[in-house]
Amino acid sequence: MRGKKKEETLRRLKTSVGHLRAVEQMVAEDRYCADILLQLAAVIASLKKISNIILENHLETCLRAAMRRGEDEEVIRELKTFLKFKI
Amino acid sequence: MRGKKKEETLRRLKTSVGHLRAVEQMVAEDRYCADILLQLAAVIASLKKISNIILENHLETCLRAAMRRGEDEEVIRELKTFLKFKI
Amino acid sequence: MRGKKKEETLRRLKTSVGHLRAVEQMVAEDRYCADILLQLAAVIASLKKISNIILENHLETCLRAAMRRGEDEEVIRELKTFLKFKI
Amino acid sequence: MRGKKKEETLRRLKTSVGHLRAVEQMVAEDRYCADILLQLAAVIASLKKISNIILENHLETCLRAAMRRGEDEEVIRELKTFLKFKI
(Lines give C-alpha, C1' and ligand atoms only; values in the text may rest on other atoms or scores of the structure.)
Protein backbone atom coordinates (compact mmCIF):
# COMPACT_ATOMS: atom_id res chain seq x y z
CA MET A 1 0.00 0.00 0.00
CA ARG A 2 1.11 3.52 -0.76
CA GLY A 3 0.29 7.15 0.04
CA LYS A 4 -3.05 8.12 1.60
CA LYS A 5 -4.49 4.57 1.64
CA LYS A 6 -1.44 3.36 3.57
CA GLU A 7 -1.66 6.26 6.05
CA GLU A 8 -5.39 5.68 6.55
CA THR A 9 -4.88 1.94 7.09
CA LEU A 10 -2.06 2.53 9.59
CA ARG A 11 -4.13 5.11 11.50
CA ARG A 12 -7.11 2.72 11.67
CA LEU A 13 -4.86 -0.17 12.79
CA LYS A 14 -3.29 1.97 15.55
CA THR A 15 -6.77 2.93 16.77
CA SER A 16 -7.81 -0.76 16.80
CA VAL A 17 -4.68 -1.77 18.75
CA GLY A 18 -5.52 0.90 21.37
CA HIS A 19 -9.16 -0.24 21.47
CA LEU A 20 -8.14 -3.88 21.91
CA ARG A 21 -5.75 -2.98 24.76
CA ALA A 22 -8.65 -1.14 26.40
CA VAL A 23 -10.70 -4.38 26.14
CA GLU A 24 -7.80 -6.25 27.78
CA GLN A 25 -7.80 -3.64 30.59
CA MET A 26 -11.55 -4.10 31.06
CA VAL A 27 -11.08 -7.87 31.53
CA ALA A 28 -8.16 -7.27 33.97
CA GLU A 29 -10.34 -4.87 36.01
CA ASP A 30 -13.29 -7.32 36.16
CA ARG A 31 -15.64 -5.03 34.27
CA TYR A 32 -19.14 -6.25 33.40
CA CYS A 33 -18.92 -8.90 30.65
CA ALA A 34 -21.73 -7.43 28.53
CA ASP A 35 -19.80 -4.14 28.26
CA ILE A 36 -16.62 -6.04 27.35
CA LEU A 37 -18.51 -7.99 24.66
CA LEU A 38 -19.89 -4.80 23.09
CA GLN A 39 -16.41 -3.22 22.92
CA LEU A 40 -14.91 -6.41 21.50
CA ALA A 41 -17.67 -6.49 18.83
CA ALA A 42 -16.74 -2.90 17.91
CA VAL A 43 -13.05 -3.87 17.50
CA ILE A 44 -14.00 -6.84 15.28
CA ALA A 45 -16.23 -4.57 13.12
CA SER A 46 -13.33 -2.08 12.73
CA LEU A 47 -10.91 -4.84 11.69
CA LYS A 48 -13.38 -6.13 9.07
CA LYS A 49 -13.63 -2.60 7.70
CA ILE A 50 -9.80 -2.38 7.55
CA SER A 51 -9.65 -5.77 5.79
CA ASN A 52 -12.12 -4.50 3.16
CA ILE A 53 -10.06 -1.34 2.60
CA ILE A 54 -6.86 -3.38 2.10
CA LEU A 55 -8.62 -5.89 -0.18
CA GLU A 56 -10.18 -3.19 -2.37
CA ASN A 57 -6.80 -1.43 -2.64
CA HIS A 58 -5.14 -4.77 -3.44
CA LEU A 59 -7.60 -5.35 -6.32
CA GLU A 60 -7.02 -1.84 -7.65
CA THR A 61 -3.22 -2.07 -7.51
CA CYS A 62 -1.40 -5.43 -7.24
CA LEU A 63 -4.07 -7.65 -8.83
CA ARG A 64 -4.75 -5.23 -11.68
CA ALA A 65 -0.97 -5.03 -12.35
CA ALA A 66 -0.65 -8.83 -12.20
CA MET A 67 -3.49 -9.24 -14.72
CA ARG A 68 -1.82 -6.76 -17.06
CA ARG A 69 1.39 -8.79 -16.84
CA GLY A 70 -0.69 -11.82 -17.85
CA GLU A 71 -0.26 -13.60 -14.50
CA ASP A 72 -3.86 -14.81 -14.58
CA GLU A 73 -3.21 -18.13 -12.85
CA GLU A 74 -1.48 -16.40 -9.91
CA VAL A 75 -4.46 -14.04 -9.56
CA ILE A 76 -6.96 -16.93 -9.61
CA ARG A 77 -4.92 -18.91 -7.07
CA GLU A 78 -4.80 -15.91 -4.74
CA LEU A 79 -8.54 -15.21 -5.05
CA LYS A 80 -9.24 -18.87 -4.20
CA THR A 81 -7.05 -18.52 -1.09
CA PHE A 82 -9.08 -15.44 -0.05
CA LEU A 83 -12.27 -17.44 -0.60
CA LYS A 84 -10.98 -20.29 1.57
CA PHE A 85 -10.16 -17.96 4.46
CA LYS A 86 -13.36 -15.93 3.97
CA ILE A 87 -11.45 -12.71 3.34
CA MET B 1 -14.62 -13.10 34.82
CA ARG B 2 -12.71 -14.99 37.50
CA GLY B 3 -9.93 -17.54 37.90
CA LYS B 4 -8.81 -19.73 35.00
CA LYS B 5 -11.31 -18.32 32.48
CA LYS B 6 -10.09 -14.79 33.20
CA GLU B 7 -6.43 -15.83 32.86
CA GLU B 8 -7.13 -17.66 29.60
CA THR B 9 -9.04 -14.67 28.19
CA LEU B 10 -6.26 -12.23 29.17
CA ARG B 11 -3.60 -14.49 27.64
CA ARG B 12 -5.55 -14.78 24.38
CA LEU B 13 -6.16 -11.00 24.27
CA LYS B 14 -2.44 -10.27 24.84
CA THR B 15 -1.57 -12.63 21.96
CA SER B 16 -4.11 -10.91 19.70
CA VAL B 17 -2.74 -7.44 20.56
CA GLY B 18 0.77 -8.68 19.62
CA HIS B 19 -0.58 -10.24 16.42
CA LEU B 20 -2.40 -7.02 15.46
CA ARG B 21 0.74 -4.93 16.07
CA ALA B 22 2.60 -7.33 13.75
CA VAL B 23 -0.06 -6.64 11.09
CA GLU B 24 0.49 -2.89 11.61
CA GLN B 25 4.24 -3.46 11.15
CA MET B 26 3.60 -5.40 7.92
CA VAL B 27 1.62 -2.46 6.51
CA ALA B 28 4.35 0.01 7.59
CA GLU B 29 6.99 -2.15 5.85
CA ASP B 30 4.97 -2.36 2.58
CA ARG B 31 4.62 -6.13 2.79
CA TYR B 32 2.52 -7.94 0.17
CA CYS B 33 -1.20 -7.19 0.75
CA ALA B 34 -2.36 -10.80 0.39
CA ASP B 35 -0.07 -11.81 3.29
CA ILE B 36 -1.36 -8.90 5.38
CA LEU B 37 -4.97 -9.92 4.64
CA LEU B 38 -4.34 -13.52 5.74
CA GLN B 39 -2.80 -12.38 9.04
CA LEU B 40 -5.63 -9.91 9.65
CA ALA B 41 -8.17 -12.70 8.99
CA ALA B 42 -6.37 -14.82 11.61
CA VAL B 43 -6.61 -11.98 14.19
CA ILE B 44 -10.34 -11.54 13.49
CA ALA B 45 -10.90 -15.32 13.91
CA SER B 46 -9.05 -15.24 17.26
CA LEU B 47 -11.13 -12.29 18.51
CA LYS B 48 -14.37 -14.09 17.57
CA LYS B 49 -13.17 -17.11 19.54
CA ILE B 50 -12.43 -14.85 22.56
CA SER B 51 -15.87 -13.25 22.23
CA ASN B 52 -17.48 -16.73 22.32
CA ILE B 53 -15.47 -17.68 25.43
CA ILE B 54 -16.55 -14.49 27.26
CA LEU B 55 -20.19 -14.89 26.16
CA GLU B 56 -20.38 -18.53 27.26
CA ASN B 57 -18.80 -17.62 30.61
CA HIS B 58 -21.23 -14.69 30.95
CA LEU B 59 -24.21 -17.04 30.41
CA GLU B 60 -22.84 -19.49 32.98
CA THR B 61 -22.16 -16.84 35.65
CA CYS B 62 -23.76 -13.37 35.48
CA LEU B 63 -26.86 -14.27 33.47
CA ARG B 64 -27.56 -17.45 35.48
CA ALA B 65 -27.21 -15.42 38.72
CA ALA B 66 -29.49 -12.66 37.35
CA MET B 67 -32.16 -15.24 36.43
CA ARG B 68 -31.98 -16.72 39.93
CA ARG B 69 -32.53 -13.24 41.39
CA GLY B 70 -35.63 -13.01 39.17
CA GLU B 71 -34.19 -10.23 36.98
CA ASP B 72 -35.71 -11.79 33.85
CA GLU B 73 -36.42 -8.50 32.06
CA GLU B 74 -32.80 -7.33 32.46
CA VAL B 75 -31.59 -10.66 31.03
CA ILE B 76 -33.96 -10.41 28.03
CA ARG B 77 -32.96 -6.78 27.38
CA GLU B 78 -29.29 -7.72 27.44
CA LEU B 79 -29.77 -10.71 25.11
CA LYS B 80 -31.62 -8.45 22.66
CA THR B 81 -28.67 -6.02 22.73
CA PHE B 82 -26.32 -8.92 21.92
CA LEU B 83 -28.61 -9.90 19.05
CA LYS B 84 -28.57 -6.34 17.69
CA PHE B 85 -24.78 -6.17 17.69
CA LYS B 86 -24.46 -9.76 16.39
CA ILE B 87 -22.50 -10.88 19.44
CA MET C 1 -45.20 -18.05 17.07
CA ARG C 2 -48.64 -16.48 17.10
CA GLY C 3 -50.70 -13.76 15.38
CA LYS C 4 -49.02 -11.04 13.33
CA LYS C 5 -45.44 -12.23 13.94
CA LYS C 6 -46.36 -15.70 12.67
CA GLU C 7 -48.10 -14.26 9.59
CA GLU C 8 -45.13 -11.98 8.84
CA THR C 9 -42.67 -14.86 9.24
CA LEU C 10 -44.73 -17.15 6.97
CA ARG C 11 -45.04 -14.42 4.33
CA ARG C 12 -41.29 -13.78 4.39
CA LEU C 13 -40.51 -17.52 4.20
CA LYS C 14 -42.86 -17.97 1.21
CA THR C 15 -41.10 -15.08 -0.55
CA SER C 16 -37.70 -16.65 0.16
CA VAL C 17 -38.82 -20.05 -1.16
CA GLY C 18 -39.96 -18.33 -4.39
CA HIS C 19 -36.70 -16.39 -4.61
CA LEU C 20 -34.64 -19.56 -4.10
CA ARG C 21 -36.61 -21.41 -6.82
CA ALA C 22 -35.84 -18.48 -9.14
CA VAL C 23 -32.12 -18.97 -8.35
CA GLU C 24 -32.50 -22.68 -9.20
CA GLN C 25 -34.13 -21.68 -12.50
CA MET C 26 -31.23 -19.27 -13.26
CA VAL C 27 -28.73 -22.12 -12.79
CA ALA C 28 -30.83 -24.46 -14.98
CA GLU C 29 -30.95 -21.80 -17.72
CA ASP C 30 -27.15 -21.22 -17.63
CA ARG C 31 -27.50 -17.59 -16.58
CA TYR C 32 -24.36 -15.58 -15.81
CA CYS C 33 -22.83 -16.78 -12.52
CA ALA C 34 -22.26 -13.28 -11.10
CA ASP C 35 -26.01 -12.56 -11.39
CA ILE C 36 -26.83 -15.91 -9.74
CA LEU C 37 -24.40 -15.13 -6.89
CA LEU C 38 -26.00 -11.72 -6.24
CA GLN C 39 -29.50 -13.25 -6.10
CA LEU C 40 -28.30 -16.06 -3.81
CA ALA C 41 -26.68 -13.45 -1.51
CA ALA C 42 -30.04 -11.64 -1.35
CA VAL C 43 -31.83 -14.89 -0.34
CA ILE C 44 -29.24 -15.55 2.40
CA ALA C 45 -29.65 -11.98 3.73
CA SER C 46 -33.46 -12.44 3.83
CA LEU C 47 -33.15 -15.74 5.72
CA LYS C 48 -30.83 -14.14 8.30
CA LYS C 49 -33.41 -11.40 8.80
CA ILE C 50 -36.15 -14.06 9.30
CA SER C 51 -33.91 -15.90 11.78
CA ASN C 52 -33.49 -12.66 13.77
CA ILE C 53 -37.26 -12.06 13.81
CA ILE C 54 -37.93 -15.60 15.10
CA LEU C 55 -35.14 -15.36 17.69
CA GLU C 56 -36.32 -12.01 19.03
CA ASN C 57 -39.88 -13.32 19.22
CA HIS C 58 -38.62 -16.49 20.96
CA LEU C 59 -36.85 -14.37 23.60
CA GLU C 60 -39.96 -12.28 24.16
CA THR C 61 -42.31 -15.26 24.48
CA CYS C 62 -41.01 -18.79 25.17
CA LEU C 63 -37.76 -17.86 26.93
CA ARG C 64 -39.40 -15.15 29.08
CA ALA C 65 -42.14 -17.67 30.08
CA ALA C 66 -39.53 -20.35 30.82
CA MET C 67 -37.59 -17.93 33.07
CA ARG C 68 -40.79 -17.06 34.95
CA ARG C 69 -41.40 -20.76 35.55
CA GLY C 70 -37.88 -20.92 37.01
CA GLU C 71 -36.52 -23.13 34.20
CA ASP C 72 -33.21 -21.21 34.19
CA GLU C 73 -31.02 -24.20 33.32
CA GLU C 74 -33.14 -25.07 30.27
CA VAL C 75 -32.87 -21.44 29.08
CA ILE C 76 -29.07 -21.42 29.54
CA ARG C 77 -28.70 -24.77 27.74
CA GLU C 78 -30.76 -23.49 24.82
CA LEU C 79 -28.82 -20.21 24.57
CA LYS C 80 -25.56 -22.20 24.52
CA THR C 81 -26.93 -24.30 21.63
CA PHE C 82 -27.75 -21.11 19.72
CA LEU C 83 -24.21 -19.86 20.40
CA LYS C 84 -22.74 -23.12 19.08
CA PHE C 85 -24.70 -22.92 15.82
CA LYS C 86 -24.12 -19.14 15.49
CA ILE C 87 -27.85 -18.38 15.57
CA MET D 1 -22.12 -23.59 -15.11
CA ARG D 2 -21.73 -26.80 -17.05
CA GLY D 3 -21.65 -30.58 -16.57
CA LYS D 4 -21.11 -32.11 -13.13
CA LYS D 5 -20.74 -28.78 -11.30
CA LYS D 6 -24.09 -27.62 -12.67
CA GLU D 7 -25.79 -30.90 -11.74
CA GLU D 8 -24.32 -30.79 -8.24
CA THR D 9 -25.40 -27.17 -7.76
CA LEU D 10 -28.94 -27.90 -8.99
CA ARG D 11 -29.21 -30.94 -6.71
CA ARG D 12 -28.04 -28.92 -3.70
CA LEU D 13 -30.44 -26.06 -4.54
CA LYS D 14 -33.38 -28.48 -4.84
CA THR D 15 -32.52 -29.95 -1.44
CA SER D 16 -32.35 -26.45 0.08
CA VAL D 17 -35.74 -25.48 -1.39
CA GLY D 18 -37.23 -28.63 0.17
CA HIS D 19 -35.54 -27.90 3.49
CA LEU D 20 -36.79 -24.28 3.48
CA ARG D 21 -40.36 -25.43 2.73
CA ALA D 22 -40.06 -27.79 5.71
CA VAL D 23 -39.09 -24.77 7.85
CA GLU D 24 -42.17 -22.92 6.55
CA GLN D 25 -44.29 -25.95 7.51
CA MET D 26 -42.76 -25.96 11.02
CA VAL D 27 -43.77 -22.31 11.49
CA ALA D 28 -47.29 -23.00 10.16
CA GLU D 29 -47.65 -25.93 12.61
CA ASP D 30 -46.48 -23.82 15.61
CA ARG D 31 -43.43 -26.00 16.24
CA TYR D 32 -40.98 -24.98 18.97
CA CYS D 33 -39.01 -21.88 17.87
CA ALA D 34 -35.60 -23.23 18.92
CA ASP D 35 -36.07 -26.24 16.60
CA ILE D 36 -37.15 -23.92 13.76
CA LEU D 37 -34.07 -21.73 14.34
CA LEU D 38 -31.72 -24.72 14.17
CA GLN D 39 -33.26 -25.91 10.87
CA LEU D 40 -33.12 -22.39 9.42
CA ALA D 41 -29.44 -22.11 10.44
CA ALA D 42 -28.79 -25.39 8.57
CA VAL D 43 -30.47 -24.03 5.41
CA ILE D 44 -28.38 -20.82 5.59
CA ALA D 45 -25.18 -22.89 6.00
CA SER D 46 -26.12 -24.98 2.93
CA LEU D 47 -26.78 -21.88 0.83
CA LYS D 48 -23.39 -20.39 1.82
CA LYS D 49 -21.76 -23.65 0.73
CA ILE D 50 -23.61 -23.47 -2.63
CA SER D 51 -22.52 -19.83 -3.05
CA ASN D 52 -18.88 -20.88 -2.50
CA ILE D 53 -19.18 -23.68 -5.07
CA ILE D 54 -20.63 -21.28 -7.69
CA LEU D 55 -18.03 -18.60 -6.92
CA GLU D 56 -15.10 -21.03 -7.16
CA ASN D 57 -16.48 -22.38 -10.45
CA HIS D 58 -16.99 -18.81 -11.71
CA LEU D 59 -13.33 -17.98 -10.96
CA GLU D 60 -12.17 -21.13 -12.72
CA THR D 61 -14.28 -20.57 -15.84
CA CYS D 62 -15.80 -17.14 -16.67
CA LEU D 63 -13.27 -14.96 -14.82
CA ARG D 64 -10.25 -16.91 -16.11
CA ALA D 65 -11.65 -16.63 -19.68
CA ALA D 66 -12.32 -12.89 -19.23
CA MET D 67 -8.74 -12.33 -18.01
CA ARG D 68 -7.40 -14.21 -21.04
CA ARG D 69 -9.46 -11.95 -23.31
CA GLY D 70 -7.80 -9.01 -21.53
CA GLU D 71 -11.04 -7.79 -19.90
CA ASP D 72 -9.19 -6.93 -16.70
CA GLU D 73 -11.33 -3.92 -15.79
CA GLU D 74 -14.56 -5.94 -16.07
CA VAL D 75 -13.06 -8.61 -13.78
CA ILE D 76 -11.99 -6.00 -11.20
CA ARG D 77 -15.40 -4.30 -11.30
CA GLU D 78 -17.14 -7.64 -10.75
CA LEU D 79 -14.85 -8.63 -7.88
CA LYS D 80 -15.56 -5.26 -6.22
CA THR D 81 -19.30 -5.92 -6.54
CA PHE D 82 -18.83 -9.31 -4.84
CA LEU D 83 -16.86 -7.56 -2.07
CA LYS D 84 -19.66 -5.02 -1.56
CA PHE D 85 -22.31 -7.73 -1.20
CA LYS D 86 -20.02 -9.93 0.93
CA ILE D 87 -20.17 -12.79 -1.57
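Annotations for the structure displayed:
Read from first to last, the chains carry the letters A, B, C and D; within each, the first residue is number 1.
The rule is short, and it goes like this: contacts are C-beta pairs under 8 Å (C-beta built on N, C-alpha and C of every residue); 3 or more make two chains touch, one makes a residue touch a chain.
On a predicted model such as this, the values are computed, not experimentally measured, just so you know.
Most remote from chain B, judged by the distance between CA-atom centroids, is D.
For the pair chain A and chain B, the distance between mean C-alpha positions equals 16 Å. Rounded to a whole number, the gap between the C-alpha centres of chain A and chain D is 25 angstrom. Measuring from the averaged C-alpha position of chain A to that of chain C gives a distance of 29 Å.
Of all residues in chain B, those touching 2 or more other chains are 55, listed in ascending order.
Taken as a contact graph, with one node per protein chain and an edge wherever two chains touch, the assembly forms a single closed ring in which every chain touches exactly two others. In the complex of the two chains, the chain A residues touching chain B come out as 1-2, 6, 9-10, 13-14, 16-17, 20-21, 23-24, 27-28, 30, 32-34, 36-38, 40-41, 43-44, 47-48, 50-51, 54-55, 57-58, 61-62, 78, 81-82, 85-87.
Contact residues on chain B toward chain C in their complex (touch as defined above): 52, 55-56, 59-60, 63-64, 67-68, 72, 75-76, 79-80, 83.
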